[in-house]
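Heads up, the next two complexes both have chain A, just with different partners, chain B and then chain C.
Right after this comes the complex of A and B.
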């Protein structure tokens, strides 16, 4: 339904938008320029991350394939690192971590934090106090500290990374959902459901959830961006991926000592990280704009 | 001194449009002309979307965002306001022309004291400062009938009641002794007794100050009692204009006639007649805009624009058959009364409800009974506890004391704890369908939910069919099953809410201000529908409303509530004809009434 509103209007406040079905988040993203650019860049980066492994000119972990720390050449388009490994090959395989870990961690944080946030907002009272103060407690700890302590205690592994990043983002996402839910539950359709005697679960997932999807989806996209940068930071600090496996964060860290000799060894993975986060940011932006317009605008497709 | 009758604002051929997204213009007000005379009130009536507010704002050259004044003149003592620069308009707005919006709570700045807000126009337009300004402020608040003006100046808007806030807004508007006063629904949302006090005050101010006043309202009965002249708008045009008494007593346009037939009355229980169809969404330039809904339509109505015509007595209408229309009898007859059974269905006894932090209880020991198929009205002003009482019956508010019995069985205080059969029997309809229908659910989802929960006799496979039957029963057009609430009009949404309530086959329908958010012509159709459905299905109705006339129309028995207590109860016919409690009498006296006593 893309009927534009032709309203015999009074003041703008009284103009009733005769809107169609609120467009899906995806359509909203594709309708805006930044959304389309974001999706374009994101698709390209994602293609490299997923299929790059099949196009590597050399084995990515093979030491001494070329000379140590060389600049670009015909044989090695992006040069080689200090151990003589081919930078292009390592770039093509080094992106997996940086996207998969944030995706899983943020999804988990969204599911758990969102459920807790909705429950707290709906139940109120003690339940809400416990959940909200719990969120505050975790948020009062610096994210890097949480990760450092966890890695120091448990060692580094993908599971530890996913769980710690989830712990970092859970209260932040839960908070947003809690706020959105508080606004939604004042609506009379929630009272109508209560009068029908619906269970809490049915009210939260049937009545509330569809109405808070838009703002939380925007938040989700934004959190992924942060998490990508966070994982890159951890890898840069040597807390994530173990050598010799290639990773963009690790490559930036390893290559920066030789930036004069082989600048692309640092710049290429840095650019890849930047492109990925820019793409995600643009998508998040498009979503946010869609949400702040209240999803009222009818997006022509 | 001012002369009564002198024209202060002369609006001629005013047309306003909104700019569409593709750049084209959607004309919403076309060729509107009227004059404001000193010491008189012109009432501008019409339903939502007819362009009355746009007209009022454009007349003082205020352009709402996105709107454009297409043509016309608006002369304030010989100066055309529409041609003036914003700078010059700013000097006129607030000093010569004043505007009061519907919500004083939004019009007043919550962060500034009343004194600060009053001092600003006095300083800007009149150059008054210090003690001179203060003296004028006190004088203004005094003339608005606010108690203890000196103290009131130091207080913030939120420390006043809604009616007092509107008085402050009026004081602000009149601070610089304007010639023209524009009021846009200034008493909508206020209690009737408050409204009566404000309009009485206003009448005096208009006479004393020699104001030319434009009063925009959806409330025909109010305008009929308050205004000197009345103009009725439909689809961006004035369709009828004349002396208020003449317009109300012998309508010359079928729309005015239908609109008046839709207004309920406290004087006698008459059937309210709704207007079928919906108004056009923009100005109709090549035919009579009302033709598709008109019961007296002729082929000629559809082929050309109809001009305003005045048979010579200053009472004009935009109808080719106006001489015949005025001779037609008024629409509306007696409403089929409810036929209550003898068995007691609902028994409410000694209910006490309180909110934490509130001073006294919202409901204080209320008890009443509802018989099967009976329609009981509960009337009261805001804060009387009528909605809280209804929520307690519905199991949405836990009462501190008292008992609620349905069919002799004691009910648990919360809905979740009540057995399924009880939850099925009690259904609730809310005031605002925007809020009571989940915007992310389709109409099918919404109406099917109670069926799935409560109707064992309807198998899954027959759900869709049953929903369609219900939508037919509430007279909704077909093809709405997969639509979302936002795609429907306000009246249609309320019909969906009714379909949802009736889908459970209840024995008791609780209605909370169900028609308050609707236009009067839509309200009439909803009232007709509820009367018909409750009659057919022998469903009892508890109807909570601030509107006595609506209660008079729908209910056979009524309770009057005040400050959490029932102050009078009785059969509606007796109660409204001979009220015994002074508060009921005060309420009845405050109601503007179309019908003669």
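Right after this comes the complex of A and C.
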């Protein structure tokens, strides 16, 4: 579609679309100590989530592999759960859900919310008013309450989780994009594009989008962090992944009843979730500090 | 006089906005819970063997055969008059399930805020006075780690240390709170849930307190006060804190709803019989009237708390009062 052109804005836009965020973001993360620690821990946890499934000592869903609710032993390094399933094997496969669902949901929220936000800020007037009021309306409802009511009404499934989490984050991300766009559209290159007679879509995605990537990328990282905690929490509450599939949040909840007998059954998955969310937080923090340059702004969840 | 009427108008506007939000919550909750038809509900309750006649009788008994808006209107009318209806999942009056829970949740959240806010401010002040020192940096990293942890992970950690390893506190709060027991036993049941909520709130608020006080301490008026030889305590608490307080309360006001949502999870961790636990239970059984009642009560609680915080902001900031008067 777009050939290599003489307009500088175009080439930056291409890079942005391919990488998902400006290349400077990675350098900003790796430049700070907390960012490097975050990337280190995060890489380790991600490795377990992606490749752990190939190293399971036992089939993760096989019942009665060992005795019921045993502590750590040579055969079962982390012990077994109440159905005699191997905790280590379940730990190795149980991390997929809490990273995939947030990634899809937040990306969708970013795409839809961001488009609406840019459109509102660019068009102004009634369009903007309708979009902004709509955002306010959804944001006036407590997030956990929305998700719980939706699950109560529709039952739980991956689709319901993705959609409700998207609904929670869409206005929050959209509002940020709207604000960033309002700051950008007064620039001359936007006026120049308008004078060239470019269509709204072209102006928004080629002129505006590349210039609001930095704050949006930091926001995106922060939302992923929140969404991971959100999904882990829903799984813990028994409203996410259905048994018998292994999931860290579900394992924490299941093991909680046997915390006197086999504490590792609940502590090990809890630690895995803790490491993942600490890593993501450190990365998001490093990115936010790079963008705002003055400490992390407190963004409501 | 003008000032007073302007403030009354602001209060009125905020109250109206709060009521509107509650109304919205009621519509969303009731609308969502009406997606499932009476046949689904009857099957979930009685199994798949029941006949069409039985389904019809069931839906007539609970008024499910009427259109949604009629049911909504009737439900809202009864709710406003204190009748929350009968659950068609448990056949128990919703109010007998929800109201005692609501009371416990109120106590839990209130005590947690009462403990967490002063502690956070003290930690924030402690850090702001020695920005960049070892103590400040270690507290800062500790707060990043604690804030990053989901509430249930913190709760499980506390449960393991204090209830399982040390055996000081009960593993579940339900026994002491739902059956008759001594005041001491009941108080013990509150300790771990409160501590978890406090741990969720403190790093967040302390960080804001540190930031805003640090800014105020760098201002010329603070330095002037220090150079005049005023005692350090007066400079920090009288001069700097008065100005740092506004952004602090503001940030707390914005985030308090999210901080208090943690109560849902915390209650589940400790089997604490509050409305959060009630909501999760009702959610997993699709118990419509209970979900709706709890959604409204929680919404009301959040709105009251954030209204209170708004008033505090207006009270602390004379400029806002003046702006409201204009």
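Here is the rule we use: the second predicted complex is superposed on the first by the 269 of 301 C-alpha atoms of A that agree within 3 Å, B and C clash if a C-alpha of one lies under 4 Å from a C-alpha of the other, contacts with A are read in each partner's own complex, and residues count from 1 in each chain.
To be clear about the criterion, contacts are C-beta pairs under 8 Å (C-beta built on N, C-alpha and C of every residue); 3 or more make two chains touch, one makes a residue touch a chain.
Everything quoted here is computed from the prediction, not taken from an experiment.
Of the two partner chains placed by superposition, only chain B is touched by A:187; chain C is not.
Contacts of A:263 after superposition: chain C is touched, whereas chain B is not reached. In the superposed model, A:211 makes contact with chain B only, not with chain C.
Within the superposed three-chain model, A:78 lies out of touch with both chain B and chain C [touch as defined at top].
In the superposed three-chain model, the partner touching more residues of chain A is C, compared with the other of chain B and chain C. Judged by the touch definition given at the top, the superposed model places A:197 against chain B, while chain C stays out of reach. Of all the residues in chain A, the ones that touch chain C in their complex are 34, 137, 140-146, 148-155, 225, 229, 232-233, 236-239, 249, 252, 256, 259-260, 263, 266-267, 270, 273-274, 277-278, 280-282, 285, 295-296, 298, 300-301. Interface of chain A with chain B (complex): residues 1, 4, 6-12, 14-22, 187-189, 191-192, 194-199, 207, 210-211. Across the complex, chain A is touched by residues 18, 20-22, 26, 28, 48-54, 57, 64-67, 235-236, 279-283, 391, 394-396, 415-416, 418, 420, 423, 426-428, 430-432, 435-441, 449-450, 453, 484, 486-487, 500 of chain B. Of all residues in chain C, only 21, 24-25, 28-29, 32-36, 144-145, 147-153, 156-157, 159-160, 164, 171, 204, 207-208, 211, 251, 254-255, 257-258, 261, 264-265, 268-269, 279-280, 282-284, 286-288, 291, 295, 298-299, 302 touch chain A in the complex they form.
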